[in-house]
Structures are given as structure tokens and as C-alpha cells.
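Which chain is which? They are A, B, C and D, in the order written, and residues in each are numbered from 1.
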Amino acid sequence: MSKIKRIGILTGGGDCPGLNAVIRAVVRTAALQYGIEVYGILDGYYGLINNKIKKLEINDVAGILPRGGTILGTSNRDNPFKYAEPNSNGKKEYKDVSHRVIETIENNRLDVLITVGGDGTNAIANRLFETHNIPVIGVPKTIDNDLNGTDVTFGFDTALTVATSSVDKIHSTAESHHRIMVIEVMGRYAGWIALGAGMGGGGDVILIPEIPFRLEKIKEKIDERTKRGKRFSLIVAAEGAKPEGGEMVYARKVDDPNDPIRLGGISQYVGNRIEDMTGIETRYTILGHVQRGGSPTAFDRILATRFGYHAVEAACEKKFGYLVGLRGQDIKLTPIEEAVAVPRRVAPDCDLIKTAMAVGTNFGF
Amino acid sequence: MSKIKRIGILTGGGDCPGLNAVIRAVVRTAALQYGIEVYGILDGYYGLINNKIKKLEINDVAGILPRGGTILGTSNRDNPFKYAEPNSNGKKEYKDVSHRVIETIENNRLDVLITVGGDGTNAIANRLFETHNIPVIGVPKTIDNDLNGTDVTFGFDTALTVATSSVDKIHSTAESHHRIMVIEVMGRYAGWIALGAGMGGGGDVILIPEIPFRLEKIKEKIDERTKRGKRFSLIVAAEGAKPEGGEMVYARKVDDPNDPIRLGGISQYVGNRIEDMTGIETRYTILGHVQRGGSPTAFDRILATRFGYHAVEAACEKKFGYLVGLRGQDIKLTPIEEAVAVPRRVAPDCDLIKTAMAVGTNFGF
Amino acid sequence: MSKIKRIGILTGGGDCPGLNAVIRAVVRTAALQYGIEVYGILDGYYGLINNKIKKLEINDVAGILPRGGTILGTSNRDNPFKYAEPNSNGKKEYKDVSHRVIETIENNRLDVLITVGGDGTNAIANRLFETHNIPVIGVPKTIDNDLNGTDVTFGFDTALTVATSSVDKIHSTAESHHRIMVIEVMGRYAGWIALGAGMGGGGDVILIPEIPFRLEKIKEKIDERTKRGKRFSLIVAAEGAKPEGGEMVYARKVDDPNDPIRLGGISQYVGNRIEDMTGIETRYTILGHVQRGGSPTAFDRILATRFGYHAVEAACEKKFGYLVGLRGQDIKLTPIEEAVAVPRRVAPDCDLIKTAMAVGTNFGF
Amino acid sequence: MSKIKRIGILTGGGDCPGLNAVIRAVVRTAALQYGIEVYGILDGYYGLINNKIKKLEINDVAGILPRGGTILGTSNRDNPFKYAEPNSNGKKEYKDVSHRVIETIENNRLDVLITVGGDGTNAIANRLFETHNIPVIGVPKTIDNDLNGTDVTFGFDTALTVATSSVDKIHSTAESHHRIMVIEVMGRYAGWIALGAGMGGGGDVILIPEIPFRLEKIKEKIDERTKRGKRFSLIVAAEGAKPEGGEMVYARKVDDPNDPIRLGGISQYVGNRIEDMTGIETRYTILGHVQRGGSPTAFDRILATRFGYHAVEAACEKKFGYLVGLRGQDIKLTPIEEAVAVPRRVAPDCDLIKTAMAVGTNFGF
């Protein structure tokens, strides 16, 4: 078995603070520890399909540790197994172009491909591994923290920090104006950010996708606060939070563009209803993209650096098809297949939920 | 002419970082310099109409300097000249209850009333002064910076800081994803925050209410960047920015709830159109309430402290009907009437606009 | 066995962001889950000895979650087993006054005492438990992260965040001025903050108490950077870092006030020597107390809340003599005795050190 | 009179957030408005003497607006009129090498030289202008804010923000531990940062170079707080603060390396004496270099951008020997000679001091 001489690396999917820290750690570990060359693939799978690639020297990664974004660029649409290209009539057609991935790998004599991304990016990586035997190592990335194979993903702590600091800011306004404020944070399928920012920011109500809510229960919580002389409330809602039961009878798809709730976001829906039900002035705000950009926290920089280092280690040990991840204090490997099978969601009976409930937080039930 | 012995103070209108710093400076200056008692009126004009008032001792303002919000509470609806109360049929009716203000002033033997607020709050204060001879001193407050009588209002620097740091965060995502990002900031009638955050964050396009924009001009700017190899653009838009000319023919009212632009905010409107026109993926985000809450910047704490001190000085000198304000390096007084007559807007030919244009920023024209 | 009805809580030792979050969680969990009353003991063991105590209601802990410090006050000198009091001649004398602790516990009918503190505070708690059978539950607290019984202590993430952001700031100056900058962070016996801030801030050299350093090795690292065209270097040093071997022959005690290194801090020592050895202009800065004050990060608020909740749970289960702690994703109990026996230090062969070395960081050896 | 075609720009002196923003504004204004080429001189006057220079294109300044430091490098020792070079014996000798500056200017056909720096850098620029007729435009830069010719310099707001946020952090520790905390900030000859951070952070005592202090007066202030039940105090001291009167009889030179006060900083001196005098535990911290590095605030980015734009305007109008500066809301020109003649210091009877005193701050007299 020959030694690894050239590593390719790509970043795929949505933005996530810490991507540059992973790239830096991969380049530096490869160069300084093993004399391995690293090639950066530009714009995620788009570059892998279209042979957009450049060598990364140590000086190329100087100063990028504290920077948001990714110096390699990314794309979150391009899939080599279902790639959109205009056909002879100029119409878009989806084709399997995975042979072009093989060409890029071979032309650049890459011995391994490190894919830094979420479930989409890593599922594709795994399929490349399984169907074409392409040697891949996965690195988990998502601000939503909804990936298995790791206790936590880099980017999450930064998103949580931004969200919590936003709850802090809005707290003072809610209190001064005697208002209910609904703060919508990211988390389409998993409520980690909402749960964390709700606990960290002292939210009175936290709504997450894993626990369907009832508006009356939220109202009860607010009434109870009113009775105690508290004239304001903070509701932290994950974008994927959903009402439950009688009130909304139709089966709701979170991604349906005509979904009446989606139009203004779940925060608008909850805000308007709760204002009607309580008579208390209510405002909502959708934090949006500020949660996923900017300089990573120290925690995320360190975790991303560890992931990058261990990805190179795994590459040298030819642990293809595996994903690095944090387990307790250690970095461990998990088969990518296992990691991307189902999202990592908040268990309604987990210790964080129990803790939040013990200190008085309501989850809409 | 007798000496001032008791000062009343209220905070009115929207939240604004620095309100507590004003209150603290008023209480401390009054107590330590002059032995004057200060009474805090709760919830703005609501408290003045309904005699909700409490004495403020030095210990009541301990530790509030760095805190957002206002310990006095606020309201932005209650107007003593047009106060909503249920009539005998239980229906809301608007009445002039300004005599109840006089009662509160007299019952509490207040020698002067300091009103900390925006144009609405201070216009009412001025009317109380003119029609009922109530001795008022105004303190200007608005994160939008659109008040005359001062070069700058406290709260603006904090809002600008939050907005600029958000542009920074979104910058990295735009660059990594090759996207156009539209960031909507506060500013319904004046574009100060958008102008500042656009200049501070390196926005490629800035849209402000004072300069109606044309979508084609924005497109031209983006095309020019594309030609230079720049695959992303940042558009910073004030919520009150408006399109001009042929494309939108109807006279548009910013507050019309059915206005197609208002529904998703101007950022959605611009984002969608520009995505169609350029074919570049575009996202928008509305920063919302995070701009007006939270701990004030050092600049705002100092300015608010100066306003509070000078409001007490003005009170002692019985400069009723005047508003304190920053003029260059000094604090000066202006008749409230003059200050609230028209909003302070960005002059399209001012030095800031010229500077922004010189470094390549487009204003949609 | 009777039910717990009254909990006493004290905070001891140095300041640490998250103390208020623990207090809040204890009060809210006790009141809302169990109807237990909570009594706050003022100024650590001083209050316990002198019966300074007050009931804490839910409203007493409102708004304290994001605040640094401790509403209970603290002291880091008072030890009931060795308490300094003036004797009849007015001279200070150290006595065992632990009977007064028993009196305070009995007079206030406290069923359990929660001690939030570092090894000092909790060692005393354990001795109270062992010698007087006082029912104690320990909560680990130290920004240095050097306590056993938990994977991490609250306060550490905040300290790390401040330290890393300081390294970021100093990075730009080092680079612009072509300087070596030495940044001294907290950590007398353990190098966790230095290691984290060095990894997070991209330090070229990290010096920690666990790994005695040699100045020539630091010089070699800097020479290597110079060769690569890098004209600046960042050295992150724990205050307890120590030189090794021939150069310094005497046995060095970190706390010796006459220690030549301590006088200006280890950073001055390293800075001066390295400037002499390399001829490159060198500056040093000691971050000091800014690392241990101020608003806790989201991570620390959540961890502190979990500790507070579980301390009450442990109290209800009468797990006296135990300390709550984070183990992987879970909160577990450890005998206090075990937790305070030896400090938790960085193992020189741990994965963090390996990772840091792999990306090129030098540890002075 | 021929048109300006090539601009040279250098940055000199200590680090200051906003330098990159000036460079960016100069390059973009020159290129986009006037088609002028810009050449960056590396490492301040060192590069000007030694012809270290490179062309700056628009892409060279992309992304630098939010970054601390200067992409051109700087030096704060090299003076063309007194330049240290080894003579034939290998000994350092100081010579006038200003002819080499002329050579660099001529060889690179620079029509104007923009010097961004403090009083040292700009005084040299002025001498080059006066003795050699070199066409210079000055841009004022100092975090200390002690330059004339402008109401405020960029970098100051960032330094003030860092210092104030540090006072905030230390506040919670002081309060929890019932301590006196002395925070030493930058400001050797002028107390602007100490005054601002003291006012913004709620310092009880502010010590600045412009107002010699008496320890007894500080003690009185602390005693007064103790009487009011306040068990902690915050003292914010400029590094150049000096005691007055009987206690210290010798004429003290701030830069004397043997000055007993300088050794540990004025904060140590004050801290130790005040602890002795009051018996209250006292700690001090020297903020140091964190005040002058890192990303500039929005305010500083905007001001720096304005300075850069107006420096190019002044260059085009051939206003050589002038310095740009902020005057109220406008940018105005001042002869460099006038600006650097004396430092801009805090007037002891200015409105800021009056305000601080009115709210109860003590200045050590």
C-alpha cells in the first residue's frame, strides 16, 4: 500500500464559521508533519466536476484561522450524480457526471479527498466512495449541529453565540416596552440553536422542531408571568418549529413555499397569534444569515483545527469512507454512511430539555 | 424666581441604547451637584397621565450605565392630547387628557420635566410647554439619528456598530457562496444607519430613503464587479429606501400595510428583482430589533451622560422648551419646536455620500 | 429521611463568569420544581461563619443570567478551620471557628449547603462534610479549568474567548510592526487557557506550566519563521510557565514574591530574553483580570445552568459530599475529595497538544 | 501645473486600527475617481529611504477595510534626517539620508506623498516638505487622540471601545470581591482614553496626565463610597498620570526607565498606595497592546475612509504641507506644522471633565 502524497480538499454546502480553520489545519499538518501536498478544489463539487483546483501552500493559509467563510468557495447545489447541464436544446438536464469526478481525481493524482460539509456533501462523498471507490474522508460541518458522528460540529458555537447575544439585546427592549418578543433562529430539522440560545439568553418559551407546540400552552406561560408582575416575555423559536394538534389540521411540509407559516417565518405566525391571544404587544425578528457568517469563536477554531488534523491522520491511515467527529474529549471516526443516515435531533427527554424545564422554560406543551 | 427642587424625567418612544445612561446622569448630577430630587415617571406619557411615578435615589441608578433599555419603561402610543380610553359604551375614544398631566406635575410638585425621546415624544413635550406652560427640557433620542438640534443622537453609534458587525458577518458568506446579499437596516425616513453600515462594512450598494434608486443602476454596479472578477456583492438598504421613476409609477407610502414592497421588506423586493436581473443567487436579511437593544457603545454612554448632565444644567437655568444637543464638540440648546419641525435627513450631496461614491459605492442612481 | 426544605448557597474564591447563572438555576429549580426555599450566604465562607445570609426569591435572580460576578459576593481568604480574628491584644490569630458554621446552618435550618468554588472552597466544604457531617454539594468553578471531577468548568470558555480575542487584536500589531509579541494569560498550575488561546489565536509558540520550556527552542522556531519570510511571531504564555534545565538552576517556586521571573511576569522574562537572542523587537502584555470578569459566553451560561439544576437534584437525592461535573454530554457526580485531590493539568501527550504541534506550534521544547 | 498621476503612501508609527481603511480609500478614490496610480511604501520611512515600494491595485485593498494593522507595514524608528546605519567600523551612526527619500520619490515618479502617522511621522513629513520641497499630505493617526488639526483621530474610538469593555469586565469582579481595581490605559501625554473609558465604564476615579493627582483625594472619594455602602471602586488611570505636590518632589520624566512609578506602571503605584491607605484589597491591570490592535469600529472605519478620500482630494488640489482632519461634521485642512506643534491635551475645565465631575467622578484633586 503506497503512501499518501496528495490530498484534495473541498468545502460544500452552506456557510459555516471554522471552514478556513479546517483548511489551514489540513494544509499545515500535511505539509509540516508528512510532506504531503494539498490541493484545494474550488466551489465544492462544482470544482471537482469541472477540475477547478489549485495547490495550497502554507502561505496560502496564513491568517485565515480567525476568518469566516471559506477560501475555497462552496456551492450547495452541484451534485455529480445529478448535475444540471444544458442539453443540445439549451434546456437544463440532470445527468450523472461522476466519471468527471474520477477524471479530476486522476488527473491531479489525488490520493484522498477530504470533504468538509453537511449531510448532503458527505452523503455524496460516501456514494463516490461506495460506487467509484474514491478514497474520501468526511469532516462534519453544520451550524445547526444536526449531524451524527460527532457530539458537536464546528460553527455551532459561533451560531449559538450570535443568537444568544441577539437574545440579550432584544431582552432589554422587551423589558422596557413590556412586549413579547419572538426571536427566530436557524434550525430547520433540529432545535439545537434555539435550545441553546433560549437557555443562554433566558428565553421564557423555546420552540423546536422536535417538540410540536400548542399556542395555548405558550399563552399559559405568559399569563403566569403576567400574574407574577412580569410584563414581558421572550420566545426563542427554531425556524422549523411546528404547531401541533387540532389547531392546524393539514399535514405541513416545512419546505412548502406556499405554507402560510413559512411566508413570514414561524416567528411571525407565533407572534401574531400570541398577540391576539394575550393582548400584549408582540414583535418578531428573524436573525437569518448573521448566524452563519463571521469570525468563528475560539471553541470552533479549536474544534475545526482538531478535525483538520485528524482528517489528515485518517487519510494517512487510509480510513476511507469515515468521518471525523468529537466524542467526549476525543476525536473518533464513524462510517460516513452511519453519520448521515438520520439527522441528529434534540431528544425531548434529554438533560438539556430537563434542565431548561426545571428552571421554568416552557416548550409549548 | 425660585430654585429647582424636583425634577421629573420620562423616557418615551422606541428602545434606544443609552436611555439608562441619561437617567443615571440626571439623577447623579441633580443629587450630587444641586441636591435636587429626581422622580422617574413610569412608561412614558402613560405614567405622566396616570401618575405612575417613583423617586429615584443614587442607588437606584447604580450599575445601569452599561445596560440597554430604560429602567423607567416606555410607551410609544400614549399621547396626553389624544389619549385612548374606553367610553361608557366600552368603545375606545380619543380625548385630550392633558389636564391630568398638569395634575401629576402639581401633585408631585415637579419643577421641571425632562423628556427623553424622539420627535414624537418631544413634540408632545413642546405642546405641553406651549399650551399649558409646563416647564420641559427635551433630550433627543433615536437610533435612526434623524433628529435636528443635535449632530448625532445617542443610540445611533450602537445601532451602527451592530449593523456594521452584521455586514461583516454576511460578507464572508457572500464571498464564499458567490452571492448577492441584501442587508436591511433601520431607517424609515433617514438613511444614516444604512449609509454608515454600508461605508463601515464595505457595501457595494447603499440604498437610502433620501435617494430613490433604480434597479438598473444596481445591476450595472454588479455587472461591473462581475467583470472585475468579483463574484459577490453586498447591498445595504435602509428599510425606507424607495425605487424611483418608470418602474414603479404609483405614489408609495412607506407605512401602507398593503404596500407590496413592505410585506417582505425592501430587501426582499430588491433581492428578488436583482436575482432575476443578474441571474446571481441572492439572499436577504432584515436585521430588525437587534439594532436597538443591548449595551450602548462607549460613545453612546458618554454622549448620553453629557445630555443628562446638560439637561439638569438647562433645568437649573430654566431654559424650558429647549432641547440639549451636540454641536461639534459642545453641548448646545435648541428650541424643541425647531428641532422637531422636520426630520434630519442625509443630504444627497453631503461629504459622506461624496466619500462613499469616491471609493466606489453605488447609491442606485 | 426527611425532605429537603431549605438550601443554602455560597460562592467562594476568585471571580468567574457564570456564578450568577448557577445561583439563578439553583433558585429557580428549587422554587419551581420542588418548592424548596433558597438562602444566599454572603461573601463566601465569611458569611457562613458570621451568619450573613438572605432569602433568595425568584425575583432576586431575575436578569442575572448574563451578568458577570456574583450577587452573593465572595471572599477568597476566609476559612472556617483557620479563621483570622484579632485576639485580646488586637493581634490577628488563626482559629478553628467551624462551630460557627454549624450554628449558621442550624439557625437558618439549612438542609444542605451548595458550595460553588474552586479547589480551595470545595476542599473546605469537604472537610465540613467529613468532620462535622455538614451536608454539602459542590459545584466546580474556575476559569483556569484545572479542577477534576468535570471535563470543563464554567468560566473557562469565557476566559478563553477573551484571551483569544486579545491574541487576534495583537496579531495585527505584531504583523504590521514585524514584532514578537508575548501574551501572558491566566493559568498558574495548568495551561488550558494558554493552550486554547494559542490554538484559537494561531500562536507560534505556546508556553504552559506542564511543559518546561527552553529559550533556544523558542528561538529556533522564530528563526524558522524568519527563514520563511515571516517577520513576526506570537507567543502565548500561561502565567505559570517555567523555563527548564541548565539555564535556570534553582528550584523555582511560582508564588515566591522575589522570584525574578514573577516580578514582571513570565512574559517579560521571555520577551526580554528572546529579543536579546533574536534581535527582533519584542513586546509583552499581561491580560490579567479582564479574563475573569464580564458577561459569560452562551456555553458557560448553559453549563452553569446545568450545574445549578443538578446541584439541586443531588441535594434532593442527598448525595452529600459530591460535586457535579460534566462528563461527555452528561452531568455526573464525583466525590468532592476525589475532585480536589490534585489539579487537572494538561497532559503533554494529549490530543490537543498533538494537534497544536501537528499544525506547527512550538511548546518550547 | 501638471496633474497628479502617481501617489505614494506610507504608514508610520505605532499600530492603529483604521490604517488599512485609509489605504483602501486612497487607492480606490485615486483609481476610480481620477485614474491615479498609487504606490505603497513599505515599513514607513524605512521603505522611503530604501526604495521598498509596490504598486497597489484595487484588488490589493479588497477585504482590508475591517482589518487591524497596515498592509504596508510600519516602523517607528526610522527617520530620514537621523537615520541609523553602521559606519565603516560597524558602529551605528546617525546620518541625514533625506536625499535618498528624494531619490525614491523621483525614481518612482511620485507626484505626492501621503503620510499616515502621528506627530513624529508628520513632523518628518513636514520637514521633508519644508527643506526639500517634497509634496506631502498628512493624515493624522493616533489611538491616543492627542493630535491637533482634527477633533478626533481614527483608532481612538476602537481603543476607547476596548478600554471601556475591559472596565465593564473588571467592574463585576470589583463588585463581587469588594475590591478596588485600578485599570491602566494608554495615554502618555493626554488622558483621552482614560477620560472616555472612565466615563463610559463608570469609573469612580479617573487619573490623567493633564491633572496631577493627590492620593489623599482618591482616598477621600473611596471613603465616601464606603460610607454609602459601596464596597468597591474603579480607578481608571492613563499611563502618563502623575502624582502631584509634597509626596513626590522630584521632577518626573515619564520616559525615565528608572522611574519608580514606571517600573510597574502608574497603576501599580496607585494600587499599592491606596491599598495601604484604605485597607481595602486592591488589584491593578495594564491593558497594554490590546487597545491598539484588531478590527476598527464602524466609527473609525468611516473616519479613516473620509481621511483617505480627502487626502487624495488635497493631493489633486496640491495642498502640500497640509493635514486632513475632522472639524465638527466636515473634513478640513490644517498646515502640518500647526498640527504637530503641540499635543492636543484634555483641558482640565473642558465640558467632558465638568460632566464627569457632575456625575461624581473624582480626578484626584
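Just so we're on the same page, contacts are C-beta pairs under 8 Å (C-beta built on N, C-alpha and C of every residue); 3 or more make two chains touch, one makes a residue touch a chain.
As the structure is a prediction and not an experimental result, all values here were calculated from the model.
Q: In the chain contact graph, what is the shortest path length, in steps, from chain A to chain D?
A: When the steps are counted carefully, the minimum from chain A to chain D is 2.
Q: Name, by label, each chain that touches both members of the pair chain B and chain D.
A: none
Q: Counting C-beta pairs in contact, which comes out ahead: A-C or C-D?
A: A-C
Q: Tell me, please, which chain's centre (mean of its C-alpha atoms) is farthest from the centre of chain B?
A: In terms of C-alpha centroids, the chain at the greatest distance from chain B is C.
Q: Report the inter-centroid distance (CA atoms only) between chain B and chain C in whole Å.
A: Centre-to-centre distance between chain B and chain C: 42 Å.
Q: Between chain C and chain D, what is the gap in Å from one C-alpha centre to the other?
A: A distance of 35 Å separates the two centres.
Q: Please compute the C-alpha centroid of chain A, do the same for chain C, then give the distance between them in whole Å.
A: 32
Q: Where in chain B do residues touch two or more other chains at once?
A: In chain B, 165, 168, 171, 175 touch at least two other chains.
Q: So which chains actually touch one another? I want all the pairs, not just one.
A: A-B, A-C, B-D, C-D
Q: What residues of chain A sit close enough to touch chain B in their complex?
A: 11, 14-15, 17, 19, 43, 67-70, 73-76, 162, 165-166, 168-173, 175-178, 181, 283, 285-290, 292-294
Q: Sort out for me which residues of chain C touch chain A in the complex.
A: 24-25, 28-29, 32-33, 58-59, 62-63, 65-66, 151, 157, 160-161, 163-165, 168, 171, 175, 196-197, 199-202, 228-230, 295, 297-299, 301-302, 305-306, 308-310, 312, 327-331, 351-352, 354-356, 358-360
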